[in-house]
Amino acid sequence: MPVDNRRITVPENTTCYNLFTKSKSFKNRCEHFINTSGKRPDGRKAEEHRKIFLQMNVVTQAKGSAYIEVGKTKVIVSVFDPRGIPNNSDYKQNGELYCEFKYAPFSCTKRRLHQQDSEEKQKSLIMKRSLESAVCRHEFPNFQVDIYALVLENDGSTLSAAITAAGIALAQAGIPMYDIITAAEFGYQDGTYVLDPTSQEERICSVTMQENNDSANEFKPQGIIILSMLLTHQQVSGFHANGNLRLSDVNNSFDVISRATADIANLVKKNLVKQVIKNVQENAIKK
Amino acid sequence: MSLCEAEKTFILHGVEENFRIDGREREDYRPMEVEIGIISHAFGSARLRLANTDVLVAVKIEVDTPYPEKPSQGKLDFFVDCSANATPDFEGRGGEDLATGISNSLSDAYRSSKAFDLKKLCIMKGQKCWKLLVDILLLECGGNLYDAVSLAVKAALWNTRVPGVKSVGIDGKNVELNVSERLNDCVPLDVSGAPVMVTVCKIGEYCVVDPSAAEEKCSSAALVVAVSQGNITTVLQGSAGSLHPTTLMDSLGLGVEVANQLNIALMETLQSAPPHFDVGFLK
Amino acid sequence: MSRKELLSKIGLRADGRRAQELRRIRCKLGVFTEPDGSAYIEQGLTKVLAAVYGPHQVRGGRSKAQYDAAIVNCQFSMAVFSTGERKRRPRGDRKSTEMSIHLKQALMATIKTELYPWSQIDVYVEVLHADGGVYAACVNASTLALIDAGIPLKEYVCACTASLANNDIPMVDISYQEEVLGGPTLTVAALPMSEKIVLMEMTQRFHLDHLPKVLKEALRGCKDIKVILDEAVRNHLVNVGSSSGWVKNK
């Protein structure tokens, strides 16, 4: 991994203080995951998505931008004009998307480096693949559109929030698109599932549970699924799953997530319409 | 490589009639050859040839300190290098994006402890653990890289022998580790859960397994499924392109089925391999 | 004894060879299908793969192209598992860049570049196992790969290492252990038939008086290697030719 020589980082042999505090055991945390009345620690039901706040045109320098808040998760996405592809000598029939997904160093519980690490590079790739199907790439051949997503606070579902916000930012930037793109995340653990996990829930879903002797034969799915959908065409533009899942688990999650993406899409539509009305009114006032 | 429209149409028609360019059906794999123990000074190694895709994997083991938040787990690191032998575009840092993509997907696939139990690599909790460094060298890319790489990695891990630890003691801050030098004391790794990746490409209306380089260029969407003991550990998109939900589920189903069969075939081949027969690249 | 002797009293080296013996060389041409020419060579335990692409259009703009000759682009890369201690980066460090330049120098001396103006010939070398004489093996592998690609050469370019044991006796084809034990190593790349030296490089030092005999050993080594490579090329030709009928299999 390339070393960042320009910034002063933390001293090398330091460890996070959290490791020395008395923390709840994993089993304990799982019990609060979904308690007996079917509610999660923040009061949501298993299939309930958090409230979303969307705002467009937040970054004046960028051609298009969007700010999204999903519960405590805050992501800001900016899109820039198409520019020539750097370091490229042959002609590309379709335009390229350059996606950069980054956690701000202060966004997560453990401080992140200023440079993209492998997890962020992977999320950038997932985001790029999801957005590529939504954008009319043949409209800007041999050009590249830059999309930068910065997570200001990480409380779970950052990637799906970034994809949704990127869709809006691209629309605002005037990049030709086929459809409205929205995304949602889903987590499986301990025999239950949660839609739109918080960072605590994401951490729980990322760990394989130790098998108890009595439940050795029963398979308990565990994992995280990210799905991004194109609204009108009803096509899956991005799919990424990780963990230990059966095919039936993936199938079952599908309905829940697609309903969630459809709900988010309504919100996106409202926002876009609001922005158009605002622009028209501003132009009318200017004249 | 670039294909003209006529070639793409030809491939499309072939897939529709279940008779691909090289005569395969949609769910057939190209002939594969695997050779293990090819790098003599690595703890485990394998070379896999899938038609003209060539992957060389070597596993090295080091003693390391475990992560503070995971004191009883060892480490597993993947490093992919795209050699310029495969294509001039990989010269210098040209193949870096592809390499990061493949190594990230491998780390994802092996993250679940059902796929690979890192606890078995622990020597002394919080102090010492084994670190497995899996180095993958892509020598030739003839399509379907993910499958070839995952199979080669599985074969190399199967071939890996972890040195036996005779004794480990802690004396104040110093850890005294006594590793056996005898070959017979080496412990093989448990790779029953190691995932096998399958690339499913959608060409026209049909899903195809094991695409060649030309078929990859004509596909409208590609999905890579990593399957371990019948369960899915990772799904990722191999290329841009959207899928209908039913097609997505069908492709996943096809991927899981094919992966299970591939896994059986690979384990059978490895277990029936003749004892060390040094051929390498000479044949 | 403070250190192991390079040459024992009865004249045997650590691996059982005599001072003038080369390690076992095994090679194969046409290992891969994608490159225009490829070759694999094993010198003792040192294993090297070479691939040649070209001649083709110059990549990266016409500014690099030459009107009267082809440009030769070499890349030397060592696999991370090739050395005893795992390498962090396969290429891009100083040593690899230096080796690439040396390789280019050796190959430019023999490729008839004037036949391909405005073109580029790429030579990529990948070291799978480094056990001494790495540069020599790379040059030999590149020669074979160039022949496999059908690029016209003036003649074979072969390389060999030589050293001095017990301050007196010259040895040929140095392994990694012998290099590390502190003996001076002279690497020579030469055109054996015309007896011209293309590249000469040395580590450590010895007295100038010893240079002629060490150099003579190295050149002799180059000539012997050329005989082995030539035989491999002829065998490959018979294999390829007999399948299409234009060479009669004896």
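Which chain is which? They are A, B and C, in the order written, and residues in each are numbered from 1.
Note that a contact is a pair of C-beta atoms (placed from the backbone, for glycine too) under 8 Å apart; a residue touches a chain by one contact, two chains touch by 3 or more.
By chain, with names taken from UniProt: A = Exosome complex component MTR3; B = Ribosomal RNA-processing protein 42; C = Putative exosome complex component RRP41.
Keep in mind the model is a prediction, meaning the values are calculated, not measured.
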Exercise. Where the centre means the average of the CA atoms, what chain is farthest from chain A?
Worked result: C
Problem set entry | Most central chain, Cα average position | B
Exercise. Pick the pair with more C-beta contacts: A-B or A-C?
Worked result: A-B
Exercise. Can you give the whole-Å distance between the Cα centres of chain B and chain C?
Worked result: 32
Seminar exercise, completed: Per the C-alpha means, the centres of chain A and chain B lie apart by a whole-Å value of 27
Exercise. CA centre of chain A versus CA centre of chain C: separation in Å?
Worked result: 51
For this session: Name the residues of chain B that each touch 2 or more other chains.
Result: none
Problem set entry | Shared interface positions of chain C, touching two or more other chains | 59
Seminar exercise, completed: Counting only contacts in the complex, chain C reaches chain A at residues 59-61
Problem set entry | Residues of chain C touching chain B in the complex | 26, 28, 31-35, 38, 40, 42, 45, 47, 49, 51, 53, 59, 73, 75, 77, 79-81, 84, 86, 90-92, 122, 124, 126, 128-129
For this session: Show which residues of chain B lie in contact with chain C when the two form their complex.
Result: 39-42, 45, 52, 54, 56, 58, 60, 62, 79, 81, 83-88, 91-93, 133, 135, 137, 139-142, 280-283
For this session: Please give the residue numbers of chain A that touch chain C in the complex, ascending.
Result: 89
For this session: Flag every residue of chain B that touches chain A in the complex, lowest number first.
Result: 68-69, 100-101, 103-105, 107-108, 111-115, 223, 228, 230-237, 239-245, 248-249, 252-253, 256
